[in-house]
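Shared between the two complexes below is chain A, which pairs with chain B and chain C, respectively.
Entry: the complex of A and B
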């Protein structure tokens, strides 16, 4: 048994153990914390599999921002009714474990049947790799996301925007906005922010800049910046406000608009839709996407139509 | 390169745990966490069963999973907003009536 296999097995076991912790126990908050840990181990597994784009995205989005959104929703529930934190009186049907086992067996069977498919010739991934040099991009994942499957990414941005709008529509008109914690003038907060926020911005802009050639890109960069936004909201440097401005709305739509332009512009010039528009155009579209993603995720956390900077 | 079998089995176990959580949990947020576990299991299966091309995994499933992660975050955020609204309206965070809990 090689050392690599041992690491894989250990990571797999830890992931299964954390998943068990997420669904067991009586405290909901504990489950959320274990879910964040699950996301981080998931990111390590992506790194083990060599999928660094996914490791970055899952650490920032799957573990970080979903965890933050869960916690802020938990807090809104606790504010409303403090006893709602445990799910008491489990009287599960005996069929539940059977259904779960059968589902697991189904997934395992699907996995086993998919394993031999590995040898098929002429896969889409091979085609993408073969045409990578034509595009002059170093990161095959970025090429697939932005060029070969650009329509997916356009719809993805639309889904993100729709989810935000949906969350705004169902939100109570006068929900108590997340008040900044009283401790936000603790002596260490200012110096902590002075260190962390610039580093986060540096890493995010770097991820955006190198995204065409190395793991990184708009989604990873946007979720990192949104993490900084969450930090600033928690420490009261950004305040949720009730009225959105035209600038906020414009920034929310910028990502979709940039991708639409990327689709339509080549068509107007007589090419097929999503024809490769060049490196500069891709970077500009990604920068616009990053801005929209950052703002959407930050506003989802704030639970407000806009934020303003503390004066 | 690592053995995909380990991660196929991991994905199967996590998916089963997610199904169990989804059905057995009373609290809606716990059901949401379980759905997110199932989501991760599907992503892991997709990537573990796609054969590597050169040094890295096949870029197409990677891009699909990347899209999937963002869609998952979007739907989770929307579902959380729905849940908060539901709790405020009906007074408890489970499906069905309060006395059934």
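Entry: the complex of A and C
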């Protein structure tokens, strides 16, 4: 029994404990805090498993941005329904055990149905590892995400876009824009932004640039940039505006459009769909995805159709 | 020798972070809690970064760990300043029941 195994066991137990705290708590705010902690421990577990791409994504997205999104949603919820939010979930519905049992049964059924599937031919991971040199990529995850499972990534981008549109549809009839945050003119805040924002941009562009060969890529870079966007929104440097602009819409669509192009364009040249288009094409697609991801997450946090820079 | 020093630093770092956490949970009001969190945790993080840099034993790793510490220091300085400022503006009282 090695020390590493002990650490892994402890991390696994902590993760399960945190997950229980997230779903069993009676206070929404407490659940949100535990969810952020859950995301961080999850990132550590991915790192222990050697899946650095996922660790980065989970730390930036799962713990950081989703936490910030849930916090801002909670704040709006408190404004709308102070009483319900304060003791939300205080009385468990009688349906809870039934729903829990049915969900558990569904998970068990799915698990058992997957058990007999022993060997899957042509798994993306194996393909990617076998053909990494031929593709000229250093990071098998990038090869899976953009070459062997490009359709999945396309659908992920569509899900993100749909989620944003859904949020717009639900949010707009109910809310006017929240009062814009007063721009913080404190010297400390100004110097924090002057230090942090350039560093975040540097890290994000680096993650994008090295994504083909090392852990990193569009999702990680996009969530880093969106974190900078959240910081700028919180300090009043970016202001939510009520009307979307064509530039915003274009940037929101850019990721989906670039992936569609990456997937379908080889057909025009007479190859099969998703034929490998080369490193440059991958980088361009990832840059477009990064812009869309950044903007989608920032706008979700702003709760507005667009943002503008404070002048 | 270096390994033992690294282990000692790591243990020291864990102690300070533990002390900071106890302080955050046990101290009576928001200002005291901020005091415990920022001071103890930043020192703890420094010791842990030093230990890891010694364990790694290369300049590049040490510099990166130093950068991580500086970033955490910056973020915790500004955020605790903002929290304290907000608390003072809202006239959140000090003391056991000041919440």
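Points worth noting:
Throughout what follows, the second predicted complex is superposed on the first by the 259 of 311 C-alpha atoms of A that agree within 3 Å, B and C clash if a C-alpha of one lies under 4 Å from a C-alpha of the other, contacts with A are read in each partner's own complex, and residues count from 1 in each chain.
Convention: contacts are C-beta pairs under 8 Å (C-beta built on N, C-alpha and C of every residue); 3 or more make two chains touch, one makes a residue touch a chain.
Nothing here was measured: the structure is a model prediction, and the numbers come from that model.
After superposition on the shared chain, chain A has more residues touched by B, the comparison being chain B against chain C.
Within the superposed three-chain model, A:189 lies in touch with chain C and out of touch with chain B [touch as defined at top]. Contacts of A:286 after superposition on the shared chain: neither chain B nor chain C is touched.
Of the two partner chains, chain B is the only one touched by A:164; chain C is not. When the shared chain is aligned, chain C comes close enough to touch A:199, but chain B does not. Judged by the document's definition of touching, no chain A residue lies at the interface with chain B and also at the interface with chain C. Chain C contributes residues 71, 74-75, 77-78, 81-82, 85 to its touches with chain A in the complex. Note for the complex: chain B touches chain A at residues 2-21, 23-27, 29-30, 32-34, 36-37, 40-41, 43-45, 47-67, 69-78, 80-85, 87-88, 91-94, 101.
Those residues of chain A that touch chain C in the complex are listed here as 184, 186, 188-189, 192, 195-196, 199.
Taken in their complex, chain A has these residues touching chain B: 4-5, 8-9, 11-12, 15-16, 19-20, 22-23, 28, 31-32, 35, 38-39, 42, 45-46, 48-51, 53-54, 57-58, 61-62, 65-66, 69-70, 73-74, 76-77, 80-81, 84, 86-90, 92-93, 96-97, 99-101, 103-105, 107-108, 110-112, 114-115, 117-119, 123-126, 128-129, 140-141, 143-145, 148-149, 152-153, 156, 159-160, 162-164, 166-167, 170-172, 175, 219, 297, 300, 303.
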